[in-house]
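Okay, here's the structure, questions in a sec.
Chains: A, B, C, D, E, F, G, H, I and J, in written order; residue numbering restarts at 1 for each.
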Amino acid sequence: MSTLPSKELDVFPNPKPSRNYTIRIDSPEFTCLCPKTGQPDFATIKLEYIPDASCVELKSWKLYLWSFRETGAFHEAVTNAILDDLVAAINPRYARLEAIFNVRGGVYTTVVAEHGGR
Amino acid sequence: MSTLPSKELDVFPNPKPSRNYTIRIDSPEFTCLCPKTGQPDFATIKLEYIPDASCVELKSWKLYLWSFRETGAFHEAVTNAILDDLVAAINPRYARLEAIFNVRGGVYTTVVAEHGGR
Amino acid sequence: MSTLPSKELDVFPNPKPSRNYTIRIDSPEFTCLCPKTGQPDFATIKLEYIPDASCVELKSWKLYLWSFRETGAFHEAVTNAILDDLVAAINPRYARLEAIFNVRGGVYTTVVAEHGGR
Amino acid sequence: MSTLPSKELDVFPNPKPSRNYTIRIDSPEFTCLCPKTGQPDFATIKLEYIPDASCVELKSWKLYLWSFRETGAFHEAVTNAILDDLVAAINPRYARLEAIFNVRGGVYTTVVAEHGGR
Amino acid sequence: MSTLPSKELDVFPNPKPSRNYTIRIDSPEFTCLCPKTGQPDFATIKLEYIPDASCVELKSWKLYLWSFRETGAFHEAVTNAILDDLVAAINPRYARLEAIFNVRGGVYTTVVAEHGGR
Amino acid sequence: MSTLPSKELDVFPNPKPSRNYTIRIDSPEFTCLCPKTGQPDFATIKLEYIPDASCVELKSWKLYLWSFRETGAFHEAVTNAILDDLVAAINPRYARLEAIFNVRGGVYTTVVAEHGGR
Amino acid sequence: MSTLPSKELDVFPNPKPSRNYTIRIDSPEFTCLCPKTGQPDFATIKLEYIPDASCVELKSWKLYLWSFRETGAFHEAVTNAILDDLVAAINPRYARLEAIFNVRGGVYTTVVAEHGGR
Amino acid sequence: MSTLPSKELDVFPNPKPSRNYTIRIDSPEFTCLCPKTGQPDFATIKLEYIPDASCVELKSWKLYLWSFRETGAFHEAVTNAILDDLVAAINPRYARLEAIFNVRGGVYTTVVAEHGGR
Amino acid sequence: MSTLPSKELDVFPNPKPSRNYTIRIDSPEFTCLCPKTGQPDFATIKLEYIPDASCVELKSWKLYLWSFRETGAFHEAVTNAILDDLVAAINPRYARLEAIFNVRGGVYTTVVAEHGGR
Amino acid sequence: MSTLPSKELDVFPNPKPSRNYTIRIDSPEFTCLCPKTGQPDFATIKLEYIPDASCVELKSWKLYLWSFRETGAFHEAVTNAILDDLVAAINPRYARLEAIFNVRGGVYTTVVAEHGGR
């Protein structure tokens, strides 16, 4: 039944480029597959950024995250890849991507990557 | 990449059938698809039951829930269907299935179904 | 800009009428107006019911609650009216409507009404 | 500066006397004086009742509780007195008054009184 | 320096004997000594009772609990003894004494005793 | 029924201009409309500022926020616009405006804008 | 290094056999081994009982639970076995044993068994 | 009945003036009157300071805060006035006064003022 | 019955003196007496330090804190005295002592003292 | 039954060495033995590090921590030893190891060690 959306991020012009301000978008419904076992992984993805010329459109961000649903992804690599895609799309003055993965084997893993200084 | 497991539930003999006791299994990682929009839905599935001759095997229960990942399912129907599958597999003295769905459109939905009396 | 939806509730056939089961729908975004002062009131509306022949459609319930946005409504009366509208639409075996209003004048008010026995 | 309001409770007709339903009013700002030391006491007053012919008006309940601000009152007596005043004003089918007093001397005291059966 | 108060409980007449109502008194500062090791034990003592002719005076209850400070006391025995002392002093219609002891050896112990029916 | 108040902010003289001090005002009852769908949005608006010559009057701030009730507003734009209006009214030494929007499409969005340095 | 204690439970005479009262003992440090994989499992063991002639000695209960450290044990079986051992040792008027196991494979399991009526 | 204490603060010599250390005193029972409506306001007053030659005596601080019970006071002004009184009494090396007022009109207000650097 | 231990602190050699690392020890069971009234006071004592040549032995720290059980002690003075005793015993590179006293007269007091820089 | 795994840490190449990013791994299931009494100790081990050329493999980290199950270990020493083993295996740009031990004798101990600067 499922046809996954493409990994395209829509953007719109920053309504207040003269000011440094922060946008936080928390998505507790990220899921991908473990590349070793093929079993589902789950995470909360927290994005925080200071826009420059463009902002990321919210629905587009939701669909982008959804597109990983049938993708095999390691924790460390996928966190950096999502941040790279965001930077390619909107080139923010600053961005921080935090991926809080669900417990596996009694172990809780979180990966946090930043782009630019604050 | 994903090949979903079949909807088979493994069982094992109840180690203490002479006693009425309760087993609770909470699974916060249930996901299916909305039949109207095709978009992902997420839920926590809480099962509580008093076994008769058989218990449901934990890993099998996890795989069973995982098998809904690419299935379109309405909240009310899928909750009753999961309970029906459990009853068909182990015929428990009592069972209660609670599905706590993630918020959609500002609305939080939970469905609770029971089988047998307590 | 706002054109409020009509107070119509859509229904669909109960997928499991042979079983008594419970549906809970929590809506933390109810707002109406105070009939005395014209100022906004806010509430969380919690519905819990056992369906008979029909269930209330979720999006329709959201729009129904939204339709009170420009209506003057007393706490006690509006809670009973919402329950009456639900009963008229789906005639459930049991229903419970709880309206948890935001604090006003240092006072927190909640109204709880039931229809049928459990 | 302070002129305390009189201990008068305003009422209004129950909008749904054909149904037994519950009204809860929580007031975390009750204060009176300790009859022994003259020092201030503080409490949260929780009222829950099933109205018969009348309901108590919310602003009037707030002013009524405020009227104790300069009154000396023992914990056990004042809880019963407030419930008696409510019963005299609206004669509810059921009422429950819970007074949760702030800690004094390392001891936390709560008094709960009921009128009628539920 | 310390001179412990005597184990005397002061009482006062119940201001509303015609009504069954409940008084709860929580004391998180109970301490006694372990009879085996002589080391300090700590507990929260929760009393809940329905008074008959008399109520226990709050300061007196605080001093009574304080009087155990240098007493060796087993968990199970001291909980029942405190309840017995309360019953001897005020003969309540109902009483419940809960002693929640601090963790010892990785184990959390609570003892709950009741007098009369509710 | 509703006649929205104008977007006017009342001010009063800072009672202690010789000291840098901070005023925080949290308003959990902000609601506007989504410019795309016309459906209601909800947010908590947190203001924190260091006053210079003037402070914003609390009731006026409440009415100002209420005036957005029938206005279409994007998250990023409306947060910056509210901060701009505050700066125009009282020109504070520092101000921080945080808008925490309710979840939409499984995504939680917050926008934070500052004026001046701290 | 480790020499596990024997599975012996020490008891002492109930200090108040004339009263039905409840003893609760929570032990968050239970660990055994998974019989399939040999990997460690962890659980919180909650015991609640009404003693008859004897009570279980606390340190002995701690050592008893510790004795499972190198034992392979299924969730359902070990919970019933612990309850059986307690009943054999003190024959309580009522007992309830709840084993809350740590998450495994995204699934949280709890087993609850009772002996006698309350 | 009430005779308010005078606004006098008692002090005692700092027992360790050679060290910079911090004293925090939280008082959740502050109440004054609204100068516009005459109705009661409530706040938690949090004081934090580094003493120089003197410390403020705790009971005296409690009575000082109590003395506002029948005083009309604006949020911003009273917070600064309390800090000024403390500075006049003990001239601390640093002080911070935070007044967290109860919600009024759906709005939560907090005022924070500091004296000296840390 | 009680014979208090002496105020002696045992120490052991720092197992990793080449690294600056932090040890935190929280003791929620500190009790002493109020020098004015002779009544018990209670506090949580939180110690945090960076060891130099020696560490404080845990059981010895527990006994040291217990030795205050029958000592009259002012909040501000006893906090500084405990820190001084620790410094005398192990001369740490940094230490922080926080004493969180139980509420008295509606007022919560905490004292925090530091030794050395971090 | 138990055969403990060896203390070997598997590593894999850092997928994004050009960026300083943080990996956090929380393990609430660490257990070792007290070297004095031979009784079990329990801790939550929190690791946070910035990888250089290599990352530690998650399952290997779980097995490494499990290998302490029958080892006698002092709190301060074992925390530093685990950090040393991690540094030897992956030589991270920064690492922080926090061991939060379960309460013993009413005392809660935490040890925190860092390697490199942040």
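Basically, contacts are C-beta pairs under 8 Å (C-beta built on N, C-alpha and C of every residue); 3 or more make two chains touch, one makes a residue touch a chain.
Since we're looking at a predicted model, the values are computed, not measured.
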item: Interface with more contacting C-beta pairs, comparing C-D to E-I; value: C-D
item: Label of the chain whose CA centroid is most distant from the centroid of chain A; value: E
item: Centre distance in Å when chain C and chain J are each reduced to the mean of their C-alpha atoms; value: 52
item: Chain centre separation (chain B, chain E; CA means) in Å; value: 46
item: Inter-chain centre distance, chain D versus chain H - centres from mean C-alpha coordinates, in Å; value: 30
item: Per-residue overlap in chain I, given as positions that touch at least 2 other chains; value: 28-29, 42, 102, 104, 106
item: Pairs of chains found to touch, sorted by chain label; value: A-B, A-F, A-G, A-J, B-C, B-F, B-G, C-D, C-F, C-H, D-E, D-H, D-I, E-G, E-I, E-J, F-H, G-J, H-I, I-J
item: Residues of chain E defined as touching chain D within the complex; value: 14-16, 19-29, 51, 55, 58-59, 61-62
item: Residue numbers on chain F that touch chain A, as the complex places them; value: 74-77, 79-80, 104-115
item: Complex contact set, residues of chain A against chain G; value: 42, 102-104, 106
item: Interfacial residue positions of chain I with respect to chain E in the complex; value: 1-3, 28-29, 31, 33, 38-40, 42, 66, 69-72, 102
